Structure formats: structure tokens, C-alpha cells
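Shared between the two complexes below is chain A, which has chain B as its partner in the first and chain C in the second.
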Partner chain A sequence: MTSAPPLNLLDEALGFLSGGGGGGGRMILVEDCVETTGAFILHHLLKRSLSPHSSDVVVFLSFAHPFSHYDRILRKMGCNLVMQRDNKRLLFFDMLMLDRLDRDKGKTSADLLLALYGKVQKAVEVCSSPVDTRRITIIIDDVSLMEVDANGSTNLVLDFLHYCCSLTAQFGCSLITLNHDDVYSTMDRPTLLLQLEYLADVVIKVEPLVTGPATDVHGQLTVLNKGLQDGPGKSRNKVNNFQFRIKDSFVEYFYPGNRS
Partner chain B sequence: MAANKPRSSSFSRNFSAASNAVSNTPGLKHGPNGTMFLSSGIPDLDKMLGGGLALGSLVMVMEDPEAPHHMLLLRNFMAQGLVHHQPLIYASPAKDPRGFLGTLPNPMASKDDKARSHDTEQEKGLRIAWQYKKYFGEQNSDSHRDSKSEYSSEFDLRKPLERHFFNGQNIDCISLKDSADLAAFHDRCSSFLSQTPRNNGNVTSARIAVQSLCSPQCEFSNKEWEMLSFVRSLKSVIRLSNAVAVITFPPSLVSPAFSKRLQHLADTLVSVKAIPDEDKELAKLLTGYQDMVGLLSVHKVARINTQVPAILEATTFSMKLQKRRSLILECLNQAPVDGSSGTSYASSGSCSGSSKTGTLDF
Partner chain C sequence: MAEWICRTLRDGGLEGEHAPALTINDTISTSPLGSFVFDHILSHLSSFILSQKSQSKGIVLVAMSRSPLYYEQLLKSKGFDIASSSAWFKVLDCYTDPLGWKSKLMESGSIWNLSPGSSVTVNLCKNVKDLDELWSSILELGKEYSADGKGRFVVAIDSVSEMLRHTPVSSVTALLSNLRSHEENTIITCLILEILCSPETTNSRGCRVQLTPNLLPEASRSGEAPTIQPVDEQRVNSERRGKFRVRVKRRNGRVRMMFEELYVEKSGIKFMPVSSKDEIIAQSLVPKVQFNLELSEKERNDRAKVVLPFEHQGNGKNVEIYDGRKSQSEGKDEMQDTSVEKAKNEFHVSRNVGHELELLQDKNNLKKRADDDKDKDEDL
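After this line comes the complex of A and B, so read on.
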């Protein structure tokens, strides 16, 4: 048996433990922008959840990319999604085409999201039988596209996310969502983004360097970890700041100016 | 756990069969990560984007409200498709979109013209007397050049595309002015794309060009969410088929949040900008200012099947009309330029710009 994957800066900032544990029952929000995508964090967390040392289950709601895209990326990182799907450890909902087909049958977007939640809830309930203690992670790959599918009805999306949040409380599963920060920057009161940030336990902000793109530093991350427990009755917020460089099989994280 | 060990290696070899089929298809070539490229019709743009436009990607062009430079990109994109006999959909808010086909440029005929114009970096390494170059080229990289010229042609913007390119082609022109909603247009696109299935042994690709999606002539231009869901579903249809769509939109006419959403939807994002005619400051700063017609910036390059971002050497390029007929893109030259690196315009002998080289205060 190989040893657990080593922790990198991101894992430490997220509060994962070196044994592969930690980080259950939380909500993580990833915010990115046009110039720098935050999808690589989802890949990392997906790989982490599906690591052979745990028996965690991932429910993946894909709005942005088809399965083949993720399969190719994760295969390079050393994780075979097809096999995980066959092992029922990955439940992949491809919302790219499904949505369109259903809509033609005259369903409204409220019906669609409700049906989707039904599927998610069922999947979670099946996986979390009292016998085994498998942790479940729900990953939503683009909340802003969900908004598009809901025809701009922020309330529907928020309802959906609230339901998912209630699952985290009920079954102890984690929720990881990706959203685009810059879409809301010109809005007066971006309800969706504000509420997401309020609900999230960890907010990861992905930004390009202010000096523009570079080959050896692809951008910077700000990880805001809310409510760390420092012993009984004490909690604090922690902000971590570092830079990253994305490669095919992994991502290098380092503190500014500290690249080895 | 042991079951996880013998998973298939990441070095997959199974493209070799497909690649043979593809290499025979003109106008397509293989990119990394199992993607395939087709040419944008501008060789310089292909080079910048790492080979071309990836099949299955959505390209967005942000227009400049003051100048129709996006039309240059669209024209070359469409003409390239017709040269390669690829099916084409063109949609525009104009009343008679078919008329636009008459303005498409014709591929440049003479071969030595082409060889001279875009092999500047070869010249840098090795300077040979001009008249011997054709022997050298034939000896050295004959097959290479042949395949390259087939993949992307250079276009002569002054000559209209010859009639025979239109014959027997699957060209669909749609006026967005007539249709009240985008559902009909989407259905037309998806039925059009379903005629070109993806995993066919003989790969054919299709092109979709949409001009000025959000322009106020269209009835749906105030329904932002409808347009977004159109673009989103078009994107997912394209992803699963062998097509590339280029959509241009005017960002100044839509709300900033909407524009950002469109930019997020794009796989490849490019913006064009006109440059003011008499900008003394800029003229001093950049060499070859007189020949420039505009600036082109690349904001995002399609990342299909990979998580590694494409980092370009430069993101802003100048668009120039070489000899007033072929569109080329060049890095902005800010430093003083001697004759060796500026071949492509130094040799063109532009009537007005010859005094420019070397008058820089840097």
C-alpha cells in the first residue's frame, strides 16, 4: 500500500489532514474570473476525494464540460474516472445536454432543478447508509451556468444550493462549488454571490497576477478559512495567500517569491 | 485498492488509426490532448493560438463599436471553410446575409508570395539570397510546406472568392432580423451539425459564424438570458460535434455582467480594436504604425481536455494589411527595429511607413 498523497499548500490551507482525513461536512466556494480559471482546484479536490485511500463518493454536477474533458484531465493526474464511475464512487451528472432535452418536453427550469435535486438527494441517501461511514462530496462545476439554465432566476439557484447545504448538515457531506467572481462585480447587490460567500466555510479566490500572465506563475490564490476551531470556544478566520503554477499532472503552490 | 493499480496508462496510443484518417482530410490537423484544429483563415492567428481553432470550441470576438474589424476575422474564417469544402452557417442581423458571401476573400494564388511573407523566423536564422530560396525550400521542407499550405491559405482581401468554391457547398445563411427568438436558430444549427457526425471515419468539420449576436436590430436583443441560454446550448452542441463556432458581439451594447457571462462561456476569447488615425503618441511608440488597421488581443485560449493554461508571449497584436491585400498579425514592436526582424513590412516597401524604422525614443 502506498502512502497517502503528500499535502501541498492548498491542502494545508483547506485544513486537510495528512492521513487523508479532515475537511468533511464543509462548503467550499471557488471564485475565479475570465483571465484565470479556477477549474484546476475542482480537479484537485476531485482527485483527492477519489484517492484510493478513502472510499469517499463524489456526486459531480457538470454544467461546463462533458465527461470526456474531466476524464482526460484526471487521467493525467493519475485518477481513472471511468473506473471510479463503474465502482459507483463517482456519480457524474452531465448537465450539458440533458437539460436541453428535458426542456423540449415542456418542463420549466424550476422543474428541472427540482428533479436534479431529487437525483442528488437520492444518490446521497443511497451512499450514506448507516453501515458504512463513507463521506460524500458534491461538486457543482459552474453555478453561473446554473443561473443561465434557470433563465436568470437567482432564487431557484439559491434554493437548490440551500437544499444541498442542508444535505451537508444532514449527512455530513461536503459541497464544492465554482462561481465566477467578475460577473457580479458590477451588480449593485449580487445576492447569489453574497449568499454563497456567507454559506461557505472556505472561500478560495483565484486571480491572475496584476502584472499579467507569466509562464512560471499562473496566478494567485486567496484562501479564506472561516471558523477554524482553536480549542474549546475559540474560533478564528485564517487567510492564506499563495501563487500557483498549473501543470498537466499536478499544480505547484508556493508563497510569492519562494519558488524552489 | 489493488484494483486501482492496473488502470490504463495515460499514454494512450489509440489516435494513430484516427490520425491517418484525419491527415488525409484537408484543413484539419492534430493538436495536443486529442483535440483537432482547423484554421481560422489567418495563418498568424493560428500560430498564436497554438495551431488553430480547436474543433468543438466556441470562439467569441468582442467587437469594436467604431470599426468593423471583426468582419475581417469572420471573412477569413468563412472563406477558409469554403476553400476546405466545409459546411457553413452564417447568421447576421443584416437583411440579406447571403450578400456577405460576395465579400469573402480569395486565396492568394502565387506560391512564392506566400513563402516569402510568413517565414520571417526562418530568415532570421539563415539568410540566403532571395532567388535561391525556392531551391532551399523544396529540398528541405517540401512535404512540410505542402501540408501547411493546405491547412491554412492566405487570402487576398481585394479579390472576391471565386465562384467554384461556392458550387455544391452546404451554405446556410440566416438573417437574425426575421426571427423573434433564438430557438429556431438553435434548432437549425443543431440539425445542421447533426449532418456531420463526430466519430465518422472520414472526419468532416463544420463552421458556424454568427455576426453581432446582440445587435439592436434583432428582436431578442433585450432578452439577455435567452441569448445566454442560446449560446450555452450552442456551445454544448458544438462540443459534441465536429464544429467551430465564431460569434462576434458588441460588448459596449450589453450590460457588463452579461458581457462577462458571455466571455466566460467562450472557449477562445479575442477582442479587436480600431486604432485612431492620427494618434501622435502611439505613432511614436510603435513601429509600423501607418500600416496598422487595428489591434487584436487574445484574452483566452481554448483549453479542451487539459487544465494547463496557455500562456502567450504577447496578448496584443497589431493587425496589418500587407500590400493592402493580406491580413497579417504582428507583435507590437516597441523597441527600435533593425532590418532583420521587421522583414515582413520592410520588404513590402510601404509608401508611407518607410521613414518609421529607427525613429524611436526608447
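After this line comes the complex of A and C, so read on.
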């Protein structure tokens, strides 16, 4: 077994430990916008969960892209998703395909999401055992497209997410979701966005630079970690701000002016 | 003030009156603080009940937004014995399976595990949309606290916002109203996320409660620009503070507002009067902006000397109109006297010093003053 990957600023902000532990049993929400996508954070967390030094499992619900898309990106980052899928460490649900097939059978959005939840919980139950200490991470890419699949029913999406969240308490698994902030920019009270922010233990905001586009800085990250637990009723907040630059095979994180 | 709220809730309601109710309004920016206040009050009420200081025999917690496991850990961390907690603490679990999805999946054999994994007494609610069922479940759990089923008990709902997502406002309001008017209930403690409800929703419940603490983010944060900077301790600390505003509705209809500051520390939540730093700052500002409504002795004497325009009229003397300047004849005489006197003094001083230059300068000044006495408009 190889040594744990080194921690970068994002890992530290999320509360991961240098030994590879930390960060279990909570919900992480990534909010991005058209100018600056937050997909790279999902890729980073996916790679981290599937790293060779751990035996963690990922349940990936993709409403946005097919498997091949993630496989190409992660391959460049040094992670073979096909192999991980064969080893049962990655359970990939391609909702683009599943949804289409099931709708042909006349199922409603509620039926689809209920059935999908059944599959997720079954996968979690199979992977978790009292003797095994491996952690399970559920990743949803992305919530706004899930809402589209649910025929615009915000409540249905929130019900689904609530059930996924209940798994974090029941099985100690993590939930990571991506949502697009600017999709709701015209709404007065974006219920979905606000509810997600309330549910999340960690909120990561991916934004463009205030000063405009730059060649060597691609955007800024704000990580609000609400769930630094010192025990029940004793948690505290921590806010981290830093900038990033996306490269082909990795992402650089640095404080403003500290880029080497 | 938080202690006062706990005591009010502990004492309960009088015979034939509605039970005292507490609503905690929270916003996204203060969202963990609202939950901390809820936990704080819940654990205080628990200790009151355990020490038999309260009217109530036990607590029925309606868990909407947190798992029963969380509350079990909360009680453990506060030093309560979980093994004997069923005598005074019961949870109506609306978190694990609020819509019955898990039960359906279990029936079809898709999943196997439904247990929330908590060792406190838990009753599962599988349909939060049915408020009648919820109401009867709460009463059932509450009646278990006393043998005759007539003892008082506390009802705590951990998120009304979550309830409002499934049911209309009118139904939720009706449930809360019924709970308050029921003779066996003492208190309702509920958490409302203000930002998630429409203003009408909050108001509709606001009129039915007696105590409404609002949590406000720290004032210094409100105007903060979203700048990028490395994390610093000051910023971290500022996230752990908030203002605690309590609106109390008295029986006679009087509404009272109270403020306090709250801090979340490692040892737990702490309430402080709004004083310390803010008051010191206010005190240091006081002398700079001071003004008196009452005049001093000197100011009163000065005011008495002011000649008003209607004085000296009709007393046989010349009519004097006081407009801020003295009358010309009097003014001229006085001016000449003072000029000569001043010139003498200045000459005297200069001669004593022995500088001819100064004497010359004084003479020039004298001439200049005489020029000044001429009408300025004469040149025009």
C-alpha cells in the first residue's frame, strides 16, 4: 500500500488528515457558476476517495456526463476509473441512460427517484459492514440537472437529498453535491439553493476573480466549514479563501500573492 | 436572558391558559447558531425535568432535521444517563423515513436496514404530510410519561421549516395551536429558518408565540466585502458570534425586546449581555458627541444679557433695534475710546521693550483700524 497523497490547501480546508482520514459523515456542497466551473473539485474528491492507499468506496450519480467523460479526466490525473469500477470501489449510476429507459416504461419522476434511492442505499448497505472501516462517499453531479429530471420539482429533489443525508447519520458516509449558483440568480428565494446550504456541513463556492479573467489564476474558492465538530452542540465555523489554477493533470491552490 | 427563557419555559402555563411557547428564528448566515440555541435550551429543560423542578414530566422531541443519534450524543455530552432516558426523553423520528420511502423499499426487499441506530426511545413517523397522525403520535408519547396519562410534557420540534416543506402553513399553524391549547402540554420549542419561509409564514406563527429569539449575524460582518485573504483567527472567531434578540409577548399584550450576545466556544454556547466591548466603545465616544439639554450657570447669565429687539421700546428712550450690531452713535464713541486706549497701551508696551520697529508697526495698526471704520460700501 502506497503512502497517502500530500494535502493541499483544499484538503486542509475540508479537514482531511494527512494520514488519509477525516471528513466522514457529512455533506459537502459545491456551488459554481458559468464563468468558473466547480467540476474539478468533484474530480479531486473522487480521486482522493479512490486513492490506492485506502479502500473507500464511491457511489457516483451522474446526471451531467457519461462515464467516459470522467474516465478521460481521471485517467489524466492518474486514476483508472474502469479498474476501480471492476474492483467494485466505484459504483457508477449513469442517470442519462437509466432515466431514459425507465421513462419509456411510464414511470413518474417520484418513482424514478425512489428507485434510485433504493439502489443507493442498497449499494451503501452492501459496502458497509461493522467489521470493515472503509468509508463510503456518495457524489451527485449535479443537483440542478437532477431537478430537471424531476420535472422541476424542487421538493422531490430535496426529499431525495434528505434521504441521502440520512445515510450520513445512519452509515457514516459522506455526501458530495455540485450545484450551479447562477441557475437560480433570477429567483427571489431559491428554495433549493438555500435548503442545500442549510443542509451542508461544508459549502465550497467557486467564483471567478473579482478583477476579471487572468492567465495564471483561474478563480477563487471560499470554503465554509460549518461542521468542525468538538462534539454535539459544540461545532464551530471556519472560512478559508484561496485561489486556484487548473492544469491538465492537477489543480494548484494558493493564497493570493503566494503563488510560487 | 437565555436562562430567563429556560426558567419561563420550566414554570409552564397557568390553568386555563395557553402553554408558553418559544420560537427560534434563524437565517442561513447564522444557521448553526440557531441549532446551538435549540440544543442549549433542550438540555437545560432536560436537567430541570430530571431534577423535578419543572411542571413537565418529560420531553417529546419531534426530530425533523437531525437524526435521533445526534440527540443521543448531545445528551451524552451533557452528562445525562441514556439508559434511563426513556423515563423523560422520547423522540418522534421524522428524520429517518419522513415519506415512507425506506419502508416501501424494505417491503420490496431492496434494502434491509431501517434502524436509525440510536439507543434513546424512538418512534418512527413514516408520513410527515399527515399532521393528524403526527399530532396523535406526539400525544401518545407524551401520555406515556404518567400513569394516568394526564401529566404535562414538553414538545420540542427541531425544524418547522422542514415541516412546512411538506405541509401548508395553515396546517402547521393549526398543529402548533392545538399543541399549545392542549391541557397536557407545557411548551413548544421550535426552530424556524426564516430565510426558508415566506414573511407571511413567519408572521403567522409569530403571532401565536410568546417568546421569539432572533439570531442576527455579528454587526461587523454585515458590511464585509467578499475579499480574498488567508484565513486568520479573527475571522474564524467572528463566525462564532451572534446577536440574540428576544421578543417577549406578555399576557397583557405588552411586547418587550431584549438583546444579548452569544458565543460558541469549545465548552459550549455562552450568552453575554450586550455590554463589554460595545459599551466601552460607546463610552469613549460620549465626550466627543456630548451636548446638554440644560444650560450651565454662566450660559444662563449670558443669555439674560442678550438684548432682544422688543426691549427698550416704549420706556421713553430711543427705540433700539437689536440686530446683532450695536447702534452707530454708541458704537462709534465706544470704538474711538477703545482704539485710543489700545494705542496707548501698545505704545506703552513698545516703549518699555525699546523697539522702534514695533512702535511703527503699532502705528500702522492704528491707521488700519481707522480705515476699517469707514463704510466699506463707500468705494462703490
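Simple rule for what comes next: the second predicted complex is superposed on the first by the 250 of 260 C-alpha atoms of A that agree within 3 Å, B and C clash if a C-alpha of one lies under 4 Å from a C-alpha of the other, contacts with A are read in each partner's own complex, and residues count from 1 in each chain.
By our rule, a contact is a pair of C-beta atoms (placed from the backbone, for glycine too) under 8 Å apart; a residue touches a chain by one contact, two chains touch by 3 or more.
Just so it is clear, the model here is predicted, and its values are computed rather than measured.
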Applying the document's definition of touch, where does A:214 land relative to chain B and chain C: first, second, both, or neither?
first
Which superposed partner A:80 touches (first chain B, second chain C, both, neither):
first
Check the residue A:184 against both partner chains and state whether it touches chain B (first), chain C (second), both, or neither.
first
Scan A:242 for contacts with chain B and chain C and give back first, second, both or neither.
second
The intersection of the chain A residues contacting chain B with those contacting chain C is none
Tell me, which parts of chain B touch chain A in their complex?
1, 3-4, 7-8, 10, 33-34, 224-226, 228-229, 232-233, 236, 239-240, 255-257, 260-261, 263-265, 269, 299-300, 303-309, 311-312, 315
For chain C, which residues count as touching chain A in their complex?
28, 31-32, 35-36, 39-40, 43, 66-67, 69-71, 73-74, 76-77, 95-99, 101-102, 104-105, 108, 110-113, 115-117, 165-166, 193, 195-196, 198, 226-231, 235-236, 239-240, 264, 266-269
Please name which positions on chain A make contact with chain B in the complex.
1, 34-37, 39-40, 43, 52, 65-66, 68-69, 72-73, 75-76, 78, 80, 83, 87, 96-97, 99-100, 144-145, 148-149, 151-152, 180, 182-187, 212-215, 218, 246-248
Sites on chain A touched by chain C in the complex:
114, 117-119, 121-122, 125, 155, 158-159, 162-163, 166, 169-170, 189, 191, 194-195, 197-198, 210, 220, 222, 226, 230-243, 255-256, 258
